[in-house]
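Letters A, B, C and D name the chains as they come in the text, with residue numbers starting at 1 for each one.
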Amino acid sequence: MQKICDSAEEALAGKTFDGMMVASGGFGLCGIPETLIEALVASGTKNITAISNNAGVDDFGLGRLLRTRQISKMISSYVGENKEFERQYLAKELEIEFCPQGTLAERMRAGGAGIPGFYTKTGVGTLIAEGKETKTFNGEEYLLETGLVADLAIVKAWKGDPYGNLVYRKSARNFNPMAAACGKFTVAEVEEIVGPGELEPDHIHTPGIFVQRLVLATRNEKRIEQRTVRTGAV
Amino acid sequence: MQKICDSAEEALAGKTFDGMMVASGGFGLCGIPETLIEALVASGTKNITAISNNAGVDDFGLGRLLRTRQISKMISSYVGENKEFERQYLAKELEIEFCPQGTLAERMRAGGAGIPGFYTKTGVGTLIAEGKETKTFNGEEYLLETGLVADLAIVKAWKGDPYGNLVYRKSARNFNPMAAACGKFTVAEVEEIVGPGELEPDHIHTPGIFVQRLVLATRNEKRIEQRTVRTGAV
Amino acid sequence: MAWTRDEMASLAAQDLSDGFYVNLGIGIPTLVANYIPADVDVTLQSENGILGLGPFPLDNEVDADLINAGKQTITELDRTSYTSSADSFGMIRGGHIDLSILGAMEVSETGDLANWMVPGKMVKGPGGAMDLVAGVRRITVLMDHVDKAGVAKFRKACTLPFTGRNVVDKIITNFAIFERPDRESPFQLKKIAPGMDAEGIRKMTEAHYTE
Amino acid sequence: MAWTRDEMASLAAQDLSDGFYVNLGIGIPTLVANYIPADVDVTLQSENGILGLGPFPLDNEVDADLINAGKQTITELDRTSYTSSADSFGMIRGGHIDLSILGAMEVSETGDLANWMVPGKMVKGPGGAMDLVAGVRRITVLMDHVDKAGVAKFRKACTLPFTGRNVVDKIITNFAIFERPDRESPFQLKKIAPGMDAEGIRKMTEAHYTE
């Protein structure tokens, strides 16, 4: 069992195909698998359905794959920061399935946990409910939402060990644990590879069973969308 | 906001009533809220429906509440280690709702996460499916299981801080995070109370929002059911 | 004289009780954090997985791994914990958050909220707003009383697609405050901005409410 | 001569592939851990929240906070991680575990499994068995070929309440091994214990199988 790969290209080798569904971790540009996105660009894989909370910006994050027209559909909660996305969407070159953020997180978790459907109050009586089954529990109406399983999941973690155990840092955790779990095949890029036993077993966020391949991240730009500071006087 | 109580009695004060539903963390006798169970015995609360994976043993764990006949119904996956349980059950003094272990864990998680129902393959075609709705996803049949919300949850953690943030230790985690989340009111007993900021934010298992009161555990017997050792020669 | 954005935020902050867990939406609601009374302990949640939001960082504290749901850099506190997005929305959907304060395009007299899309314009998506209004125990809306064309935003019915139905408990506009005791009751006019009067408010409001 | 419990465990261990994640049931299946080939890296899971089970502890290593699903004290390894029970069963239900090896009271010729209750006797509950058979990719059963009364346990149909329907892929008894390539196919007799023959196996087996 050897999970660590020498490069992102090697980590994706044999695991990409046209028309595939790819789940990606990250919220905005925080905790996104920058290195693996670039490798996916290089792979030339086409017609991707991407499950990701956001769509990156024009030249960064999933925006990189939109620019190359490798994505044909997004399942996302919010895509506001990307002009190229807007252009393709308005030109009907790109399909979008909007999903409320909590519903998206839960659909990914459900897919990873073998739950094909669950009920939620989120979106009842809105456009999101169109075409979806509803059911009443205790006099209240709920929507049926389905679990999501991706052909490939790409995630970014802070530290990883040779068994694929992952630890995330602060709010860069976000969608990464669910992405890792909902992939039929999951590749993680990490800022640091540590030795066996170096991660405290009680602190591991994603157990190695969810990670098939691991690679040291070579891109850790971590671009900030809204740099907001206070003055020292406070 | 003051969550830390001086005693387990104080921690449960005003939060118990006859006929209530109580969720308890623990697997077997591991990670059970020993101190709070004793306080619940002392409270004299009757007709409790207890959500707990197991029923303790005759003189320990939830067995203490069975002995005093304070529990009228259990929702559990396995109750094999308790003779008094067996006697009451065969005499029809006690009701039991058997729930597969993974379904029980998920029902508690769902209750805590506002999900009133979810589908699972577990139990399809068995006695567990009796009276439950089924639904087909991708040609396979699944059972509808419901979320569980308890009036009170009692949990055991290793460390807790004044904000109610909890950290569990090794396999004593088990059902405790879900119990904490599924309680309308949750009381945690901890082996150690630490100061604000002493728990690393990335390591907290149960965020303080799920814990309304916290007490230093005075009972940490941690009885072992199957002490199994190997010889040093290995 | 209409209330300023800061005054609206300050008015919203008066509803914060000790021990509350609160989610503040993007925009004016973010300002509420500046007006939390000193004697009230409030924990702010951000749906991207942070319980216990700290203030914006000093210039040398900026950390790209630490942003709020508005993608702004923030800091942590001694109470902070991080979770996955699934667990974060578990808090929201499960009714563990006491109050959310959100912006709105329109609110109907029955508490319907519209704040996520305008037909014909580029749709950016609901983000976490639908989850918040469906799950959080109490919803306060902060919005201008009328839009740029002078049209009332507190209406008989929403003209824009819903974020949620019958989910709003309190509305604070730059002109007035409306509130209702429960979701079966009509809204009541509770407070009027200085220099405005009840009659003026009524003229600028399409919704039915009590006084 | 029938296989011993250890020989059955050893035979089951031959199916372990490098990199497998495996859940071992209580009883004979636990013995499989002793026969994992040295060149095969296997990670054992215990459904109470442990991925990466270590051996039983030395006397001075016993830790009450560290038990397996059989409530036995165990140890951790350099790969170990702990999770909640919900996340642990997420691994199981989600199909992330490659193989589970379980005991059984009865198996039917269509792969139905009964191993959790006997009507009229005190019912202890299904524990995690129903979750395991529903979620794990491949299920191997270890059981005696006949019960104490000499009645075949590999049967046309189960007489006891099901743990799962059409869930068993391989059966290792003390007399023989049966296996099927997929869950639409019948079981095939693959191996016979030394000193037994195919005719003898057929006489002691109620189930239909191919040879």
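By definition in this document, a residue touches a chain if its C-beta (ideal position, glycine included) is under 8 Å from a C-beta of that chain, and two chains touch if they have at least 3 such contacts.
Nothing here was measured: the structure is a model prediction, and the numbers come from that model.
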*Write down the chain pair with more C-beta contact pairs when B-D is set against B-C.*
B-D
_Quick check: how many Å separate the C-alpha centres of subunit A and subunit B?_
32
*Let me have the rounded angstrom distance from the C-alpha centre of subunit A over to the C-alpha centre of subunit C, please.*
28
*When the centre of a chain is set as the mean of its C-alpha atoms, what distance in Å lies between subunit B and subunit C?*
35
*Counting only residues that touch at least 2 other chains, which ones in subunit B make the list?*
106, 109, 113-115, 120-121, 168-170, 173, 201-202, 205
_Quick check: what residues of subunit C touch more than one other chain, meaning two or more?_
76, 82-83, 89, 92-93, 135
*Provide the full list of chain pairs in touch.*
A-B, A-C, A-D, B-C, B-D
*For the complex, which residues does subunit D have touching subunit A?*
18-19, 21, 41, 43, 45, 51-52, 76-83, 89-97, 135
*Residue numbers on subunit A that touch subunit D, as the complex places them*: 1, 109, 111-115, 161, 163, 165, 181, 196-197, 199, 201-202, 204, 207-210
*Where on subunit B does subunit D make contact in their complex?*
27-31, 53, 76-80, 86, 89-90, 96, 98, 100-103, 105-106, 108-109, 120-128, 158, 168-178, 205, 222-232, 234
*Contact footprint of subunit B on subunit A as seen in their complex*: 106, 110, 113-121, 135, 137-138, 140, 142, 146, 167-170, 173, 201-203, 205
_Complex interface listing, subunit C residues touching subunit A_ = 46-50, 55-59, 61-68, 70-74, 76, 82-86, 88-89, 92-93, 117, 122-131, 134-135, 161-165
